[in-house]
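Structure provided below as structure tokens; questions to follow.
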Amino acid sequence: MSVATLDFERFARRGYPEAVLSQGKSVAQMTEIVTSWRARADEQPLGTLLLTRVSPEQVAAVHAVLPDAFYDETSALMAWPPEQPEPTGGKVVVVCAGTSDLRVAREATLTARYLGRDVTEVVDVGVAGLDRILAKRDVLRSADVVVAVAGMDAAIVPVVAGLVACPVVAVPTSVGYGTAFEGVAALLSMLNSCSPGVGVVNIDNGYGAGHLAAQISAPKEYGDA
Amino acid sequence: MSVATLDFERFARRGYPEAVLSQGKSVAQMTEIVTSWRARADEQPLGTLLLTRVSPEQVAAVHAVLPDAFYDETSALMAWPPEQPEPTGGKVVVVCAGTSDLRVAREATLTARYLGRDVTEVVDVGVAGLDRILAKRDVLRSADVVVAVAGMDAAIVPVVAGLVACPVVAVPTSVGYGTAFEGVAALLSMLNSCSPGVGVVNIDNGYGAGHLAAQISAPKEYGDA
Amino acid sequence: MSVATLDFERFARRGYPEAVLSQGKSVAQMTEIVTSWRARADEQPLGTLLLTRVSPEQVAAVHAVLPDAFYDETSALMAWPPEQPEPTGGKVVVVCAGTSDLRVAREATLTARYLGRDVTEVVDVGVAGLDRILAKRDVLRSADVVVAVAGMDAAIVPVVAGLVACPVVAVPTSVGYGTAFEGVAALLSMLNSCSPGVGVVNIDNGYGAGHLAAQISAPKEYGDA
Amino acid sequence: MSVATLDFERFARRGYPEAVLSQGKSVAQMTEIVTSWRARADEQPLGTLLLTRVSPEQVAAVHAVLPDAFYDETSALMAWPPEQPEPTGGKVVVVCAGTSDLRVAREATLTARYLGRDVTEVVDVGVAGLDRILAKRDVLRSADVVVAVAGMDAAIVPVVAGLVACPVVAVPTSVGYGTAFEGVAALLSMLNSCSPGVGVVNIDNGYGAGHLAAQISAPKEYGDA
Amino acid sequence: MSVATLDFERFARRGYPEAVLSQGKSVAQMTEIVTSWRARADEQPLGTLLLTRVSPEQVAAVHAVLPDAFYDETSALMAWPPEQPEPTGGKVVVVCAGTSDLRVAREATLTARYLGRDVTEVVDVGVAGLDRILAKRDVLRSADVVVAVAGMDAAIVPVVAGLVACPVVAVPTSVGYGTAFEGVAALLSMLNSCSPGVGVVNIDNGYGAGHLAAQISAPKEYGDA
Amino acid sequence: MSVATLDFERFARRGYPEAVLSQGKSVAQMTEIVTSWRARADEQPLGTLLLTRVSPEQVAAVHAVLPDAFYDETSALMAWPPEQPEPTGGKVVVVCAGTSDLRVAREATLTARYLGRDVTEVVDVGVAGLDRILAKRDVLRSADVVVAVAGMDAAIVPVVAGLVACPVVAVPTSVGYGTAFEGVAALLSMLNSCSPGVGVVNIDNGYGAGHLAAQISAPKEYGDA
Amino acid sequence: MSVATLDFERFARRGYPEAVLSQGKSVAQMTEIVTSWRARADEQPLGTLLLTRVSPEQVAAVHAVLPDAFYDETSALMAWPPEQPEPTGGKVVVVCAGTSDLRVAREATLTARYLGRDVTEVVDVGVAGLDRILAKRDVLRSADVVVAVAGMDAAIVPVVAGLVACPVVAVPTSVGYGTAFEGVAALLSMLNSCSPGVGVVNIDNGYGAGHLAAQISAPKEYGDA
Amino acid sequence: MSVATLDFERFARRGYPEAVLSQGKSVAQMTEIVTSWRARADEQPLGTLLLTRVSPEQVAAVHAVLPDAFYDETSALMAWPPEQPEPTGGKVVVVCAGTSDLRVAREATLTARYLGRDVTEVVDVGVAGLDRILAKRDVLRSADVVVAVAGMDAAIVPVVAGLVACPVVAVPTSVGYGTAFEGVAALLSMLNSCSPGVGVVNIDNGYGAGHLAAQISAPKEYGDA
């Protein structure tokens, strides 16, 4: 294998850094990738390298090459250099219903932060108790973009989208069993949201949601109406 | 064809009347069914005959045999004899999000009424505007059983189930397009409801929901705790 | 992780206790959950905490915090406090075809008992030998609600629903292989039951079925007709 | 188009006549097929030509060439020559639950009769009322092969297969709506039958079921044990 | 039917006007809806009413009540009042591969315009000829949000997302046959886009895409970095 | 668990013995089942007990109770008593394309033998080399029923069914990868066989196929025509 | 609509002409397309314009602009200019099982001919009678590429692929009913062909198959080994 | 098990050697297969034996019998005799988007090489950066057949097919997660390619793609036009 597939030009071309889905890669491949990246980073600005779904073995291999790399256990995400940029642009609010969805929600949160946004996490929004959602109305309405992470019936998505005026990025999760069908039930629910203003990403794709949210809330040239 | 397939003993056996799914039956078959029923009704108690999904041609054919048969255009349901029984047992509340689901909701309402229940319909419950649902909290909490009819994301089901202590019968509808998949999205959402206490029936099966709700709220021998 | 997602108000709001799906949670998370619950239980009435699908490792962790917690191996269910309430309301009958479905049936049984119902289990009801079902006709007809647990062709559901006048809660199980499709065949069979009066829950959701059955057979204010 | 695709050798090769699925063929194609068949029938023994799913326009076109061709409206099946052979071999019993399945059941019945079997039809077998099935136990047990035709939950298949010792050919029908999925629910239920001894054919394939039943009950060289 | 289900408060609550999916509604229902809207519009600011998927019969009924309503034949969209607001915020670019997708693309374009955005349509972007896409690079890069409309392999989505730094809203269309599966192939392709920054809406949901794009490019309080 | 679910009356009722799907059962359950069977076998004729899909651990547990039980490693099938009955009735031919399908084919073979039939296995029938099939024409035509076991394209089923006049029982196998979809491709191919005379059983259900074949070829009262 | 989406450069870029899927286009759009094409054809070499799936109304509209355009009723294909090029390259053999698949097979045949190949059609190849296939062995082995068109079990594909050494292009057709699932059964069978050397195109895509076959058999620079 | 299922005549019949899918076979079976092959190879020309998806245990077993067998770790492919034939015929170019697809791409490469073709691999073709594809335009256009290997959105397939005039063999891979559905998303995308000239093989079937590509680019008798 050569590392030819790393897109070193992406930062220059799109303004956003490269990310590597570590799942399915060998420890040797991971070592080669980060070694190559570190070498290239001396030559040109590449932004922050994000590594998603990193296994414990891969974490060790990466730390052997990049000892100061950031690692978050909940989301299994690594970042190098470890410093998060100073936030610019709008505000991202990431909401999820419970601890089972936290893995994906945190991946979205960290991705958006490393892409330069201010992110707030709200982790106890469930529709079974409306009072709890209504209590979060202010923080939700302070967002420039909301990332809503949910499995099973994904009912928080239309409820949240009905409460805010900003765009909602919806991430189905593979949480649940039986007819949850590994996230398909949540995905279909989100695509059929009765509230407009919802864009959906792949199941468990917290990285993609955080990336899209960062783009949506990027600093803009056009001002307030 | 003989009418041997009508279950004249069902009323005696289960205490609930026979119903005929008219869809897919010829006008001649409908005429034979109601003629046979009328004849048998002179001989034994059969309860009310319900005819569901009746086409305009079938309505005329039934009225030719049973001129006083009840007919509701919204739900395409007929009943004979036309009188609804005096309500007994508990209270049924039928909720749906909008006019598109009304056809199915009304079928549930009329079925439960003809099976002897007091039914209230609430037709403007949508999750996009939580204030509207909260405004209906009292009527919802007055129910002994709720029938929730919804297509698309079906998000009203967990929201309503979270507001009440009684059982919820959920009916997915084939409303919507694309990934609504003729009601499959709503069905999956309902089966994965994050609020317990929800039993689901077939897509567009308003009759089945009304029947089940009538059974759940039937007069009981055991009193209040 | 914080335990903010436990719904301590659920018992007050709906009259039914909280339940935690243990599957997918770490031992540390389980410890935190039960520790938090125990602390809160001193402050307000919370009802019984149910833990479903508990792994042997989780059982040990829970028992370390709540030594007297009830544990049933067949259903992998725990409960605390361990005492079952004195039964009120109607009678629940849980039926299944064989030992393969027992895991789910027992979860339904124990859930309904901890929610305050009198439950009878009938575990040898198969349609291949009708005599065996007919021999159980009396116990089935004594029920105020039947929970029918079945995989594969799920044929016992319409047969049982045809024998009783009360509601039937149907639980598809993931038993079987090939075209059983992890419970989908049974689910579809149940949703298409030719006998009305059947409400369906998610595949393998014994907890949900027991909860719904307990709600259906809860003590009622309205008497016998 | 040439009629080269008619298999004139099938009768000689397999002992069973050719059948033509008329659905999707033009009137001109049907005319060409039966004209060609009639001509060839003068030259060699071809057995009976069966035409299935014949539309009214096709019936007229066939009758123009073969005025004495048999036509059954319920099943939309034609046969020529019209005479049914003298029955040999074992007894076929065709069962279905109701009038909606009769179209397919009749196709099976007529196919088996034209292939030389004695066939009895039982059209009121439903599992909701077990007494009605039990009343038919004797005729079912007189069969050498049973064809069971059913849509929706298809529960009669395992019930019937549990009552008899002979093979059961199961035909799912596209009757029903919503999650019946045009016969898929019935197909899956049949493939997962808890009673062994069931072979399944394509949805609505009454012809194939009648053919297979005729083969199973063909005269045999080996005697009774 | 009452018009209670119109959400007159939506404009006040979310800042975006109500839209009505006309498909599946009767002419009488459409008349009632627009009559009610016109009456209410005298009392409170409601914004522009959008009617999507309007049939020719419905157009006539709407024009009888609102003679000056805007109507676009390509997208079957109506709007009232007919005037588009003065554009504010960012720039929306709508791209599609060909005339078959134009119906959906135009719905997105008009929706975004009526919600107050400046929209440019690019209708000849196909990946089979890369030169044509590259020729549009400048207009694509001038966008603050791109709406990409595509059926079949939907390959323009990752290609376009790779060319721009702004968010992409992807709309699968039901164009194609066979394994296009009414838009499912395009939907899956979009959800698996190898370029990040893509949010997906329901199949053929041009309205939803236009709405989401208008929200993403709404005037912002935070300036350029 | 009690062993109440063993159907001790099946042999008396249907003339075929009980079979137990061992997969998913614990070693303790298996021990209880065979212990109970052995005790009952002293009291009444039960026929041969078949145990399918037995794991090595289960084999040991069964042999501890029934030391002389038959065990075949290829099919993972056990039988007790170990003696096969003297063959009666017609001849069964089991065909499969290769070694991957042998596991299922052997289960069919042994089941039919223990149910009293003479069985011949043909294991190298593939359609890629027609000469090999044609070389087996005589043995295929000597069959009273053929069991055809195949995965992937299952093309041997219509080829074999076109060569013989007797019924064909088709068993899809989960062999293959990707779009073989664990046997679904083979199942669909079989259900759509262009040769009539094919009855299909569940994926990998060698037991069911052998059982059905044994019923089809059971000794008959009616003689050769 | 503008005709901007016609790819006038395709002939120059790839050496193959443009084709237009007429299905779903209005008569006005078809008129605009062919008018534009005719005008451009005066300016540059465009090759032959193929129009597929042309309805009778569209045929008339095209003939009004291009009176000499070729039209084949069986395949609903038009071509202009009408002359087929002198054949070059290898030989294409198109096989299908019967008249139902002829529509698609003919589209493949004509496409390959208009792209410059010598094509032979074999329309009576079915696996139920192997003698008929074996009788065609010589013509099949004379091919440089075979196009195999089949619905339902698609068993001719592996049989034909096993007989020839050249590549096979397989086209599933939507012929059949029930579990044929509009061509999905045939598609899966083809993708799982036990004979290597098979490339599959979309369901009913005769055009694509003819195109691919013409490319495979295009004149080559490298000679015989 | 006997090795009767090895097709020793395949090389003589089709000119291409046998291949064995090792996945799912025991070490003993592998030993028997290669032992049998080696013995037969002394008697008749068999070509090269290819073993695909070989596990490390199987590699050792094969090397015990055939010490000089070729083994490639990336693709898990073995070949014996190890020498690749001198290339004849046309040129094959294998393209894939990244390292995740390399396993399948390499299997295609090696298969085509062992079948006698000259193969070039291009492993960094992604559509997110069009410049990188355009930089490879020359090597792509030098191909007589392209094998395109891709998972997820598979967008490189239509892009590459639009750049070349030769046939494209497309291989979907099971790379990705969630709605990649183990390669189904890529498969559907490929079957719906907006560029004609694409033939698709089973998911992850690098062997089949290499085989088909070798057939397409085999030495031809007909010369350049």
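The chains carry the letters A, B, C, D, E, F, G and H, assigned in the order they are written, with residues numbered from 1 in each.
Everything that follows uses one rule, which is that contacts are C-beta pairs under 8 Å (C-beta built on N, C-alpha and C of every residue); 3 or more make two chains touch, one makes a residue touch a chain.
All of these numbers come straight from a predicted model, not from anything done at the bench.
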Checklist outcome for this item: chain A and chain H share contacts with E
Checklist entry - Based on CA centres, what chain would you say lies at the far end from chain A? => result D
Item to check | Equivalent interface to A-H, taken from C-D, A-E or C-F so that over half of the residue contact pairs match | outcome: C-F
Next on the checklist: Do chain C and chain D, two copies of one chain sequence, contact each other through the same residue numbers, with over half in common, or through different ones?
Outcome noted: same
Checklist outcome for this item: Rotating chain C onto its identical copy chain F by a Cα superposition takes an angle, to the nearest 5 degrees, of 90
Checklist entry - What whole-Å value do you get for the distance between chain D and chain F if each is reduced to the mean of its CA atoms? => result 26
Checklist entry - Any idea how many Å lie between the Cα centroids of chain F and chain G? => result 44
Next on the checklist: Measuring centre to centre with CA averages, how many angstrom lie between chain B and chain H?
Outcome noted: 57
Item to check | Distance from chain E to chain D - Cα centre to Cα centre, in angstrom | outcome: 51
Checklist outcome for this item: Multi-chain touching residues of chain G, meaning two or more other chains, are 13, 97, 126, 128-129, 162, 178-180, 184, 187, 191-192, 202
Next on the checklist: Once the touch criterion is applied, which pairs of chains come out as touching?
Outcome noted: A-B, A-C, A-E, A-H, B-C, B-D, B-E, C-D, C-F, D-F, D-G, E-G, E-H, F-G, F-H, G-H
Checklist entry - Across the complex, what residues on chain F touch chain H? => result 74, 97-100, 102, 123-124, 126, 128-129, 131, 175, 177-180
Checklist entry - In the complex of these two chains, what residues of chain B are touching chain C? => result 14-16, 19, 88-90, 144, 162, 164-167, 169, 187, 191-192, 196-202, 207-208, 211-212, 215-216, 218-225
Checklist outcome for this item: Within the complex, chain A is touched by chain C residues 1-2, 4-5, 7, 9-10, 13, 23-25, 29, 172, 174, 182-184, 187, 202-205
Checklist outcome for this item: chain D partner, complex, touching residues on chain C are 97, 126-130, 133-134, 151-155, 157-159, 161-163, 176, 178-181, 184-186, 188-195
